[in-house]
Every structure is written in structure tokens, then in C-alpha cells.
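The structure appears below as C-alpha cells.
Every chain is named by a letter (A, B, C, D and E) in the order it is written, and numbering of its residues begins at 1.
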Amino acid sequence: MADETTVAPGVARMREALKDVPHEPGAPKPDPILVADKVVRRFGGLTAVSVDHVEIPRGGITALIGPNGAGKTTFFNLLTGFDKPDEGDWTFNGKPLAGVPAHKVANQGMVRTFQLTKALSRLKVIDNMRLGGTGQRGEKFWQSLIPALWRGQEKEITERADDLLARFKLDAKREDFAGSLSGGQRKLLEMARALMVQPDMVMLDEPMAGVNPALTQSLLGHVKDLREDGMTVLFVEHDMDMVRDISDWVIVMAQGKVIAEGTPDTVMADPRVIDAYLGAHHDGTEHDPDVVAALEAEGETADE
Amino acid sequence: MSDESSNLIGDRSEHLAAAEGALVRADDLIAGYLPGVNILNNCDLYAKDGELVGIIGPNGAGKSTLLKALFGLVNIRSGDVVLRGEKITNLKANKLVAKGIGFVPQTNNVFGNLTIEENLEMGTFLRPKRFKERFEFVSGLFPALGQRRKQRAGSLSGGERQMVAMGRALMMEPSVLLLDEPSAGLSPAMQDEVFFRTKQINQTGVTVIMVEQNARRCLQICDRGYVLDQGRNAYTASGRDLMHDPKVIELYLGTLARA
Amino acid sequence: MNWDIIFGVSLESLFNTTMIAYALAAIGLNVHFGYTGLLNFGQSAFLGVAAYGLAMTVATFGAPFWLGIVIGLAGAVVLALLLGIPTLRLRADYLAIVTIAAAEIVRLLFRSVSLSEWTGGSDGLQSFSDDFYKLNPYSSPLKIGIVDFDPRELWVMTIGWALIGISLLIVFLAMRSPWGRVIKAIREDEDAVRSLGKNVVSYKMQSLILGGVLGSLGGFIFALSRAAVQPDTYGTEFTFYMYTIVILGGAARVFGPVVGSMIFWFLLAFINAVLPAAITQGYIPTWLMTPTQAGAVGYILVGAGLVLLLIYRPQGIFGDRKEVMLDGR
Amino acid sequence: MTSLGLGATSALADGESLQGTLVNGSQPVAGVVIKVSDESGGPIGQVTSGADGKWSVPVKSAGTYKVDLDTTTLPQGVTLTNNRPSLTLTVFEGAARNVLFPLGAAAGTGEKKPQVAGTSTFDRVSGLVYTGIHLGLIIALAALGLSLIFGTMGLTNFAHGELVTFGALGCFLLNVTIGLPLVVSAILAVVLGGAVGWFQDKIFWGWLRNRRTGLIGMMIISIGVALVFRYLYLYLFSGDTRQYAEYVAQPGIDLGPIAVAPKNLVMDVVAIVVLILVSLALTMTRLGKATRAVSTNPSLAAASGISVDAIIRLVWTIGGALAALSGVMLGLFQGVNYQMGFQILLLVFAAVTLGGLGTAFGALVGSLVIGLATQLSTLWIPTELKNVGALVVLIVIILFRPQGILGRRERIG
Amino acid sequence: ACSNDSDEPATGSSSGAATAAGGDGVLKIGTLLPQTGSLAFLGPPEFAGVKLAVKDINAAGGVLGKDVVESDTDSGDTSTDIASQSVNKLLAEKADVIIGAASSSVSLTVIDKITGAGVVQISPANTSDQFTTYNDKGLYYRTAPPDVLQGRVLGDLVVADGNATVGLLVMQDAYGTGLAKSARAAIESGGGQVVAEEVYDPKAAEFSSEVGKIKAANPQAIVMIGFDETKKIVPKLVEEGLTSKAKKWYFVDGNLSNYGSEFPKGTFQGAKGTLPGAAATDDFKKQLLTVDPALKDYSYSAESYDATVLTALAAVAAKSDAPADFNKQLAAVSKGGEKCKTFKDCKALLDAGKDIDYDGVSGPIEWNDAGDPSEASIGIYQYGADNKYTNLTYQSGKISG
């Protein structure tokens, strides 16, 4: 848990903003950046997503948690235009987004990453990064033919990319093809690339699954910095330590529905959440008694 | 192993001595994907019969590559992999399955075009008679799989895929199980389940070698851990020792959970 | 054997109009396939539409030559749009077949009797190139050693090489720019590019048009050098050869198509010159091969050569082996 | 060499004339008056048809003449069936020109008409539907193999047409050159086709896979392989179309609206049985599932104990055998030629794509759609464009179902 | 010309060949005939015709005291670009005449290139009427008569047989549609009626719907204008009951062939066909077999033979192997003078300073200003129960008009 004495301004701001928000599904927030209403997606007989109402607070870090198959990724897909809902509306920054194609969603400032990473294999890592830059003049065909028009901008973008790469411990891989990255490195690239877009809101789908804990920790610092810069973060994660550490607000989904909302502590104490998601040994730091017992037994035999 | 302190594998002779008579062992592996670039550099590893070995390390250290090399999916340029005293270096994967090795890859670990049931059926490809019994066991473990047996794996959620991948390996009843980040993407409850079951399976006599980023949980249950960095194994020691080694904590485990 | 002639013919085919036409077509295809990853198997249709646009404008409707060129280019753009709308949403392999189908439709329409009033049916059209040759500044043939070009050919070659130069410059500039980066990223994973806010369909369409227009230049050269258009020339085999050329040179390499085309035609000309000579000279016994069979054997050798090249140099002349190895499944 | 005569140029010797024979059915019609005049209407001559129905009017020189038949002189109950009693035509230098006045029984005279009018639309549509299905089945045999190979190793095999040709040529060789009965040759050819498939993978494709040759590379290689094979066939077999020794040009038997040669019916039955068996085997059996497993994820398949190479080789064997069967049937249907497989390849590809790449039943469905589309489209468009009909159908369907009829969309994210 | 005597014809030095095409003392015959592609089956007899002619010419002492040299190339078909490659090669080899191509469409793609280089082109098989008016600088000739005459004879034959209704199955290319056009005109003006004209793509996978349409129109006669693919159509006709007994079948030069035992006895019985030129006699066929024992078919072999012989005679008459020179003699040796039928005889006459009129194996061949035979005879043939054809009669006529 964050140290009480050195509360960052962003954290304090969010605490203040979410102070009076009731801890219940669909609770209205003072200044939501994203509001979704009655979003439903069915696959055959299965209703993967059926969200009545949900609001994402602006400028904060919101975690979206829930058991496997709860519909989190599908919900992301719907919000970002990669999939079409059977019904439902949502607005981002006050603008309706339903039916808007994926690239326009991204251009409006809402960028997502993929749970199963999408590295652009035969592009260098640095080019993967540069691709994230928005409003590039050189991306227009006719202007691309005259390098003088885009050189300056390119340099700027490259600097920013190198900065992020260093933070994500990918600087050594700068000139390698992205296809040669390890599983975890791809996750990192995926996230760094999304940040290149400099969106209002970034949606991360299990960004830290498969990332080394030590690195996770330093990256969390970076995410927190994003909050300080006023960016909104919505992320899906199964690592409860991380959720607890950085999120201002937690939304819990199960079987397509939002079943609980609240601050990390309240949500994780919610019996429904424990039941549907966390399981009996919900506290990630605690040892599974069975396992510990087994371990102990094993250790003793080994010691003999 | 003595539980003195983490010993550098640089002391290779000691490690080799300990590896004597191990069920699986890899000696001095050099392997890589692209010509001229070695990912594994003189990597040593062993697992004794019935042992649960964990491998942790930073991203890109070569953990997956090491497992793939053991399983014949990466070309080994020098060094040997030995199973029960028999050299299995660069043997084709399907041959190794017949020898009782099971492998769950980190990515691409389901058959997207096949239903869940068919995915699991592939786990018992070599012993179709066992399918019924094993299927019951696995769907007991992951009820979600049993309920959705006719769904195509390609349409599953990330976590559900992970269950299918793990389930397929469990169908195989291998004597050596290689797991590459089996808990990634699973909900906490499921993660518990996976670690618990892995231990349980191990206790039935199956040798398990698992790569995990959920390092703490992994080290909790394993008999012995390796820390891999830049294609070399930097440390090996009992799981508990590694978990408490300040250097390992700083470099690989992070302090997050104890904040 | 008369090696002067054999090598003369082979050397000429390094620079002649056929090679130029294929090189231009392949430069366009390289934009589609090499850079954007569009498995366009209908490139021949772009050449056909351009050639017929020119030929029909001049020969059928009696309009001036320059208008024919404009209409040919416009035809290529329209074809790109028509082809793009149904196909650009498709997965690569589906796209391949659908573009073959589209190109076949175009060819079959050109050769159909019902439209022969305008297209000349399977005879195609002739006498549309007089205005072009009127501009010919050359009056005497060029002879350098064993290589020999007549003035007509020289004129087409001059224009052709100029077009190659311009095309390469465009491709070179475009592909090392951020535009090219987006194009190459689309080749790798469309969804990822989409998630970063790029309009993938629009980029693909731009690529289709660019490659189509570059290819259509090859169509002009092809038609003008022969002073004739024939529907069947613009069939699938034409496209197959273009692919061969692209891969031979190295996909997604600027100079790949030109060098690929040179090698391809050099080999073809060489084989076709050597074989019959060897038979007439008795180096190849007739029980093995009669002169009538030389054509077939020529193709067998071309096929075998293609296979061997791809096996032993899958990245082509300029390609990067590492890149190709990442491509495995 | 000197004996080449321009021998019996009898017509030349006769000089320019206009002539004809009047018959009703097979009966000559005598006593009919025919007038010949020149272009400007000046009379040249007038004759009456003789007892054998013949008439002839010599003209002095080449030129255009008008010939009139005096319908009033026709016997009772006989009319001019085409209603063209007056013809204008050119006589050329040194040759007689024949003129035809088709005669027939007058309507309403109660005599039976010599011939019924053409077949009804229903008959025609039935005929097209049948041939569509027949063609579809032949395509399906080739398509199933192609789809399987695509499915398991991801190869877009442009040399598949040559496997089809192989079946036809193999059968021809066994049947005509060696003299085995056709049925035996056919079976042997199919076996050989399977062997060629197996062998191709064993010595070539399998080796390429181990070398980690990329899929696009292999696709282009298959173009080269197709060239080699096709022209090898030309080299060995020469360019003309040939027929098997048996069941050639078998007359059709009447099946209501359509006439079908028994051999085609037999082929249809064989094709349907084979197709259903193979497709079922693919979906139901363990091996079939393994095939699909290899197709989605070869390295995971290997990690499940499946021998990927063996599976792919099996698929090549089946694919080769099916393609050979398709070739045997195509050859039996209409003859054997070194390009036959290549000519049908586009339709096969269209079928596979339409059905959904890599799906067994999809290949079947797609083939039938393509077969029917080529045939039925000729109801509206000229037959020379029938492939256009099929290809347009392909494009339109793909427009609405980008993954093919039975294909499935991938999930994103 | 400027080369010295020690030059060996086979190796000819490049310096010696520096002058414009030809004129090096050796008559070089280039062939551009199909070895591959959809007309590949036409290649062997054509090549054999040229070869036999070269053999006969050289046996008779050659031209200008030297042996005539032959160089073979592949014309492919229009779907490959092999023809223009081949022409490049022939031009580089300084061929004085190019015999080819078989397909009118292929000829059209290379005619500018050949005539532009000042080389004579003689096609043994082009029948499209386009060439009559084509601007060929007076260098293009053909020994096959244009379609008009054959179409006319064919149409007349159909009418003479009393067929009031006719169905046409026409291959879709210059040859097919051109011939169909003139046949149709003859049929319709003669009182017959074309009730169905199905133009098909010769590369189609099968021909059921074409036959279906003919069947639907129920004609009395079926005229098949095409090439090798006819063999694919015939079985379908039989299957549909449109046999040679039920309908009258007519064939043309492209598909009139001795089908023999390939088809069941009687399949073709009674069917008729037209073939330009005097038929290759047995003697000629026998001689062809000496140069190509594998020969099965003889289409256009006589025309190829004549094209070669005429070139040689023109060169003898012009006393030069330069195309520009012997081109002036080509028409002259084909008509108006003392008739002779073999190279040997004709050469003897020429050497004696006489004007000659070569009448070839394929017919009288009197070239007009357009380079077309102005006169030709068309043979009419009928199939017997053995599926082989025998001659009924010949029709001769002037082409024009």
C-alpha cells in the first residue's frame, strides 16, 4: 500500500474526486471520461458482455478485474471499435463512439493494447515505436516524398520513443526486429507503443502478465507518472498486488456484468468479489496453506 | 542441495556433481534462433526424478528458449540434453512426447481451430484410450472447460486459453512436465489452483520444470530454483533460499508485494 | 555454337523493353506484396487496363495518344478502387484468389466476342502507337559489341528506363518515410496499426493505387514496344512471373524488381537460345530432345531454376535472410 | 511428290451456276418453279425442279443474283418452312453456288411434323444443373486435396493442377499405352497419384519445411514446380488432347429432362462416396482431428506427440490421390491433355476460397457453388464468359462473407 | 556480301554480320512456331514441313551454292511472351525469313518487330483477314488462304446438304470467329439459318453448357470451328444424343483430323469437313515421317513446306539472300511463268533463266499484292466408319470477293 506520507498530487486528486462516489455497480462519477450504457455482445448463446452502465473517472487509474472469460477483453474490443456490440451506446469525452471505426477511436484519444500481443514482426523495435506517433506529416503519401517536410517531426518522435524504450528496458533491442522479442518483451513493447500515441486514455489489457516482477515494479512507477500528467488509465489485470498498488478505482466484471465497484480495499473485501474472482486465498501475498503444508513436508524430507 | 546460501553456478563442477543421476539434464547448452546469435550461452540445468524445478529471470533472459531447447524446438548448437541417461538432443518434439515429456508453451499454446474437447483429445493423442478418464479429471480441475467443451479454442479468452493449454498437458500424464508461465493471464483463484495442482502432480512423482514470472509463488512451491539471466543460469538454490536472497529480490523479484 | 548470338540475345534482354515492362510491373507489385503484404495476384489486370485504355482510346475511338495515356492511368486507378473495395477487408490468402479472379474477369472481358467491337476480341488492337513512334529521336540502331538495338526499341527503352528511374525514386522516398512505415506495419498486423489510429483501409487503398499505377506504366511499355495489345498476355502467368521477379530480387527492396527482372529475362533468353543451338549442333542427342521439344524443356529449366533460387536464396538478391526466417509459421 | 494432283475439281469444271435440291423430309419435291434474276432484277433463267428435286441455273459470270421460289407451285400440304422464298446471294468465280429452300408439311394439314422444336427451358436448366453438379464434384475432388494441403501446411499450392493432370495422364498411359482395362488403370492411377503426393512431400516439401522455408516462398516455389511438371508432361506426352481406350463418347441414357452417359453417373456416385468418406474422416477420426491440429499449430501438435511430418505426408497422399481421381474423371469426361489440370485450377481455387480456406466441407460446398455458377450463368451470359459468371459469384459471396461460406472469423484481442 | 570466304556459316563472325539483316551469302530460315502453349499440338507438323523443305533444298544443292540454315524457336501462345523473345533471337541471328507464327494473334504481336527489322515473315497458318490490310511494309506473306474462301465453301457445303438449321460451335479467337463469320454469311445467304452460334473459350475446363445451348436450339447440322479442343466437345455431343447420325457434323481445317481408333467406331461417320489446299498426299506424309517419325497429324505441314521452298526460290531468283532483295521475287516465283512443283525442278528452270510459277504441295499459291494467296483450293472431306476422312471433292476459287 502506498506510503501515506508521500501522497502524490495525482493520487490525492483522485481520492478527493472519488470520495463521495458510492461503491456500487454503475456508480456515477463526478467527471467521467468514458460512459457506457447497456453495452451487450452475444456470441451465439453466450452473452459475453452485458454492461448496464459504467463510468470511468477522468485522470485516474481504474482497474478492471474479473474471472477469466468475464468479458473484459470483449468489452475493450467493443469500446475501441474492434468488435461491434449487439446493442449499446458509449461516449468518450462526451462524444458518442458507438459504430466509430477503430482507428478513429484511437485518434480521439482512446488507445488500447492487446492481451495477445501484436508485435509488428519485421519492423524494428524503434519503428514499432515511431509508428505510435500521431499527426505525422510524413504519413501522408504526397508529403512523404519530400523528407524535408517531416524530418523534424520524425526526430522529435524518435527522441520520445528512445525515452520510452529506455524506461521499458528495451533500449538494447532498439534495432532488432520486433519478431525476435521474447513473450514478456512483446508485452512491454505493446504498452510502450500505445503510450507513443499520447492518448487521453490508455486501455491496457493485462499489461504485466508475463513481465518480470522487478520490471513490473519500475513500470508501475511510470504508469503512476502518467496519472500525474493527467492521463486516464484503464487496465485489466489479474495481479492483485499491482491493482492494489496503483489503482484509484476498481471495477469488477463477472459473466459479462459489472458486479462491484469501489476502491481497491473495499472491492477486495467484498464477499461477492472473493467468491467470483479472488477465491479463498484472495490475498496474493498470503501463502496457500495447502501448498505451504506440502512445501513444508517436502522440505523436511529433503533435509533428512 | 545444502540450504546454506545461493551459490553461483559459476562453480560449475559442484553443479555437475549434483546433477549426477538426474532424470533430465542439459549440459553446456548453446542454442539460438538466428544464425550467429546465441540466446543460450553455456547453460546447465538438471532435474532429479520427482523434483519440481522453477526457472525465473528477467524478460528475454532465455527461459522460454531453454524450455524449447529441452523440448527440441530450438536448434541446439552445442551441448547435450539427456533424459534417463539417454541423449535426446535435437530429437523431434513428437518423439519426446512418446518418451514421456509434456510441454506447455508460453504463447500459441492452443489449437485455435479445434474445440476445447478436441484440444484436450490431442493431449491423449498417443493414448486415445485414456481420453475419457483424463477428460473427467481435467474438466473437474477447470470446470469452465467442461461446460464449454464444444467451443472453438480460438474464440476463448486469454485465461480460458491458458486453462486449455494446461489442461492439454495434464491430459498427457507425462513423467516430465515442462511448463512455460502456466499462470499467466489467470485469475488469482485460478493461479492458486494452477500452483496447487502443479505441486500435487509433482507429488505423484512427475518431474516438473516450470518457468514463471509469478516468481514468488513459483519459488514457494518448487524444490529448487534457477535464476536465468542473459542465457546463463546465474543462481541455483532451493526455492526458499532464492526467495529470501536479497540480491535475487533486488534484481528479479522486486519488492512490490512486501511494500 | 554461336556464342556471340547467344550472349548477344541474353545481354540485350538485360535492358530491353520486355525486361523494362516486367520490371515496372514488379515494382508496382513490390509495393503491394513486398511492402504492404497484399497478396495481389491480379497485377496483370493493371497492365491490361492501362494497355487497353491506351489502345482503345487511340485505335477504337481515334482520340490522341496523350489522352490514351491519361485514360490508361485513370483506368488503373479505377481498377484499384474497384478491386480494393471488395478485397481489402480480406485475409491475405483470400485476397490472393479473389484478385486472380478479378484479373481473369478483366481478361475474359477484353477477349469476349460481345465486346470485340471495342476491344478487338482475342485479336486485340494494333496501330495505336504511331504517334508515339513519331516522336522517336533515334534514327539509327545502337550497336555495342554483340548487343544491338533498333531505333524503335531504343526509343521505348529510353522512355522505359526513365519511368523505372522515376518509379524507383518514388518507391525509395515513400518507403523510407513514415508513410512507408505505416504500409510495412500493415503487412505485419493490421489490427495493431488500427489500434494506433491509422486508417488501414485508406493506406491499403493508397498502396493498391500506387502499385497499380506503377504497374500500369509497365502496361504502356509492353503495349507500345509491341505496338499491339492482346488479351491473353494479361493472364495469370504474367502475374506469376512478376512474383517470381519480385522474390528473385528480394521482396520489399527498392532495386529488387529491376534486378529480378534482369536476371529472369537473362536466364530465359539464355536458355531459349542455348537449347535449340545445342540440339542443332548435336550436343544434345535427338532421342533426348527434338527441337520441337526445346520450348517445353526451356520452361522446365525455368521452373527448376525458380525453385532452386527460392530454396537456396529465399530472400532474393537483396533480401535479408533474418527477415525471411522470422516469416515462418 | 509430283503426284499431288489438284485432282477432281469437278465443281470448278462446271463453271458458275446456282443450284439446289428440293426435298420434303426425304421425299424430293418436283415441279416447283424457281426464278433467277440479276441484281437489277433482269431475269436470267427459270427452272422447274426435277423428279429428284434438283434444279440448276447456270449463270454467265460471278456476281450477285436473286433467286425466287414460286410458292404457288409447291405441292398441296408442302410449305417453305423458313418463309424466305426470295434469296439474294453471290456466285463466285469458277464455282457453283448452292441454294436451299427448306420445305416441310404445312401447318394444320394433319401430317406429323418431322421434328419437334428445341428442348424446353426446364430441360435446359435441368441439364445445366446436372452438369453443374457433375463438374462441381470433379472440382471438389481436386479442391478437397488442395484445401487439406493448405490447411495442414499453409501452402497455397499452385502445382495442384498438375497432380490432377497426373491422374489423367497416368490413367491414359496404363489404359492406352499398356492396355489395362480402364477401371484397373483408374484405380492404379489414383494409387499412383497418392504415391506422387507422398513422394513429393517426402523428397521435396518436407525437406523445405525442415529448412524453414517461408510460406510465401513455398507458394512461389509451387509455381516453379507447376511449370516443371506441366512442361514435363508436354515434353513426354505432346500437346494434343487424347482419349482413353474405353467408354469414350458414350451415348447418354434418357433420364427425363436430361441425357447422361452412364459413365458420368458412375463417376458422380464414386465422387460423392469418396468426398463424403474423406470429409467425414477428417472431422470425426482422431487422425482427422490431428490434421486440423497440425493446421492450426504445428509446433503444438508436435508437442502433443503428433508426428507433424507424418500427418502432412498423409495429407499429401490423400490430396494426391483425390486430385488424381479428379483427373481420371475429367479425362473420362472429355479427354486428356497436358494443360487440363492447369485449366481447371482457377475454378478449384475459387471453390476452395469460396468454401472457406482449409475447411473440408467448405471445399465441397464451394465446388458445387462454382460448378453450378459456371453452368447456370450461361442462361444469362455468353458461354465464352461462363468462368466470369463463376468468378463474379465468388467475389460477391466473399464480399458478404470474407471468411468464405463455412470459414470462421478469427477473434481479435 | 562483305564477309570473306573463310567465314563458316555456322559460326559467322559478328564483324561479318555487321550489315543489315542478311546478305551474308547464307539463306537463314528462322521458324517461329508453337512448341508450347495452347497451339503446341500444331507445332510438330509445321516444324516437320520446314525441315523437310530444308532437306529437299539442300539435297538439290542449296541456295547460292550454300546450304540453307534453319533456326527453330518457340512462338508459345499469347498468354506467354515467348514469341517476342524468340523474334529477338532470330533477328540477332540475322535470319532472312521468319516462318511463323501459327496463331494469328501471335503473329500480330510480332509482325511490327519483324517487318520493322526488314525481315520477311511468312506464316503457314495465319488465316485472319486482318493481315490482308495490315501495314506490313510488303514483307508479310502467308501460304494458308484467308478464312473467307474456306468459310464460303463450308457454308455452301452445309447448304448443299440441305441443312435448314445450323448450330455453330466456334472457338473464341481470330481464327474461329473469322471463319465463323464467313461461313455464317454463306449459310444465311444460301437459305440456311444459323439457329445457335456458341463462341467458347478454348481454355475452358469443359464444354457442357455450350453443347447444351446447341441442343436447345436443335439444329439439323452442327458446325465445329476450332482446334484440338474439339476432341473434348465431341464426347459431350454424343452424350447429349447429338451424334453424327442424328445431326450432321462439319469440321474445318483446325479440327479435321484422322481420329481413328481414338473414338469408337462410327463416331464421326458421315461427318464432313473442309481443308484448304490439296491434301498432303501419302507420299508427302511419308517423307515428313522421315524427318519426324513421331508425327501424328499433318495440319499446315504442306503450307510450311511451301513457305520455305518459295523463300529459297525467291533467293535463287534474286541471287541474294538479303530479304530486301528476294522479297521482290517472292510474288514473282509464286505465279506467272512456267509451272514447276519441286525446288529442284524450279531451280533448274531459274538457273536456265526462265520465269517460274511454283505450285506447291498445298496448292497453286499465287501471291497477290497483300501477300495472300490469291487462289486456293479447298478440299471437302467425309469421315467413314473408321473415323478417318477421305476426299470427296475440291473447290477452287479466287480469294477476293
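Simple rule for what comes next: a contact is a pair of C-beta atoms (placed from the backbone, for glycine too) under 8 Å apart; a residue touches a chain by one contact, two chains touch by 3 or more.
None of the values given here were measured: they were computed from a predicted structure.
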item: Chain-contact steps, minimal, separating subunit C from subunit A; value: 1
item: Steps needed, at fewest, to go from subunit A to subunit E via touching chains; value: 2
item: Distance-to-centre winner among chains (Cα means, whole assembly as reference); value: C
item: Dominant interface by contact count, named by its two chains; value: D-E
item: Separation of subunit B from subunit E, taking each centre as the mean of its C-alpha atoms, in whole Å; value: 76
item: Between subunit C and subunit B, distance of the C-alpha-averaged centres to the nearest whole Å; value: 51
item: Cα-centroid distance, subunit A relative to subunit B, in whole angstrom; value: 28
item: Whole-Å gap separating subunit C and subunit E, where each centre is the average of the chain's CA atoms; value: 33
item: Contacts with two or more other chains, residues of subunit C listed in rising order; value: 108, 112-113, 191, 293, 296, 298-299, 322, 325, 327
item: Two or more partner chains touched - positions in subunit D; value: 231, 234, 382, 384-385, 387, 412-413
item: For subunit E, residues contacting two or more additional chains; value: 34, 36, 40, 43-44, 172, 199, 201, 294
item: Subunit C - residues contacting subunit D, complex; value: 86, 89-91, 93-94, 96-98, 100-102, 104-105, 108-109, 112-114, 191, 236, 240, 243-244, 247, 251, 289, 293, 296-300, 302-307, 310-311, 314, 324-325, 327-329
item: Touching residues (chain side subunit D, partner subunit E) in the complex; value: 1-12, 20-21, 23, 62, 81-82, 84, 87-90, 92-95, 97-102, 115-119, 123-124, 127-128, 131, 134-135, 231, 234, 238-243, 248-252, 259-261, 264, 330, 333-335, 337-340, 343-344, 347, 374-375, 378, 382-387
item: Subunit D residues touching subunit B - in the complex, by the definition given at the top; value: 286, 289-290, 292-293, 295-297, 299-308, 358, 408, 410-411
item: Residues on subunit B engaged by subunit D in the complex (per definition of touch); value: 71, 73, 92-94, 97-98, 102-103, 105, 108-114, 118, 121-123, 125-126, 128, 152, 154-155, 168, 172
item: Complex interface listing, subunit E residues touching subunit D; value: 34, 36, 38-44, 152, 156-157, 159-160, 162-164, 172, 189-193, 195, 198-201, 203-210, 212-213, 215-218, 228-229, 231-236, 238-241, 243, 262-264, 267, 278, 281, 283-284, 287, 294, 296-297, 341-342, 361, 363-364, 377, 391, 393-398, 401
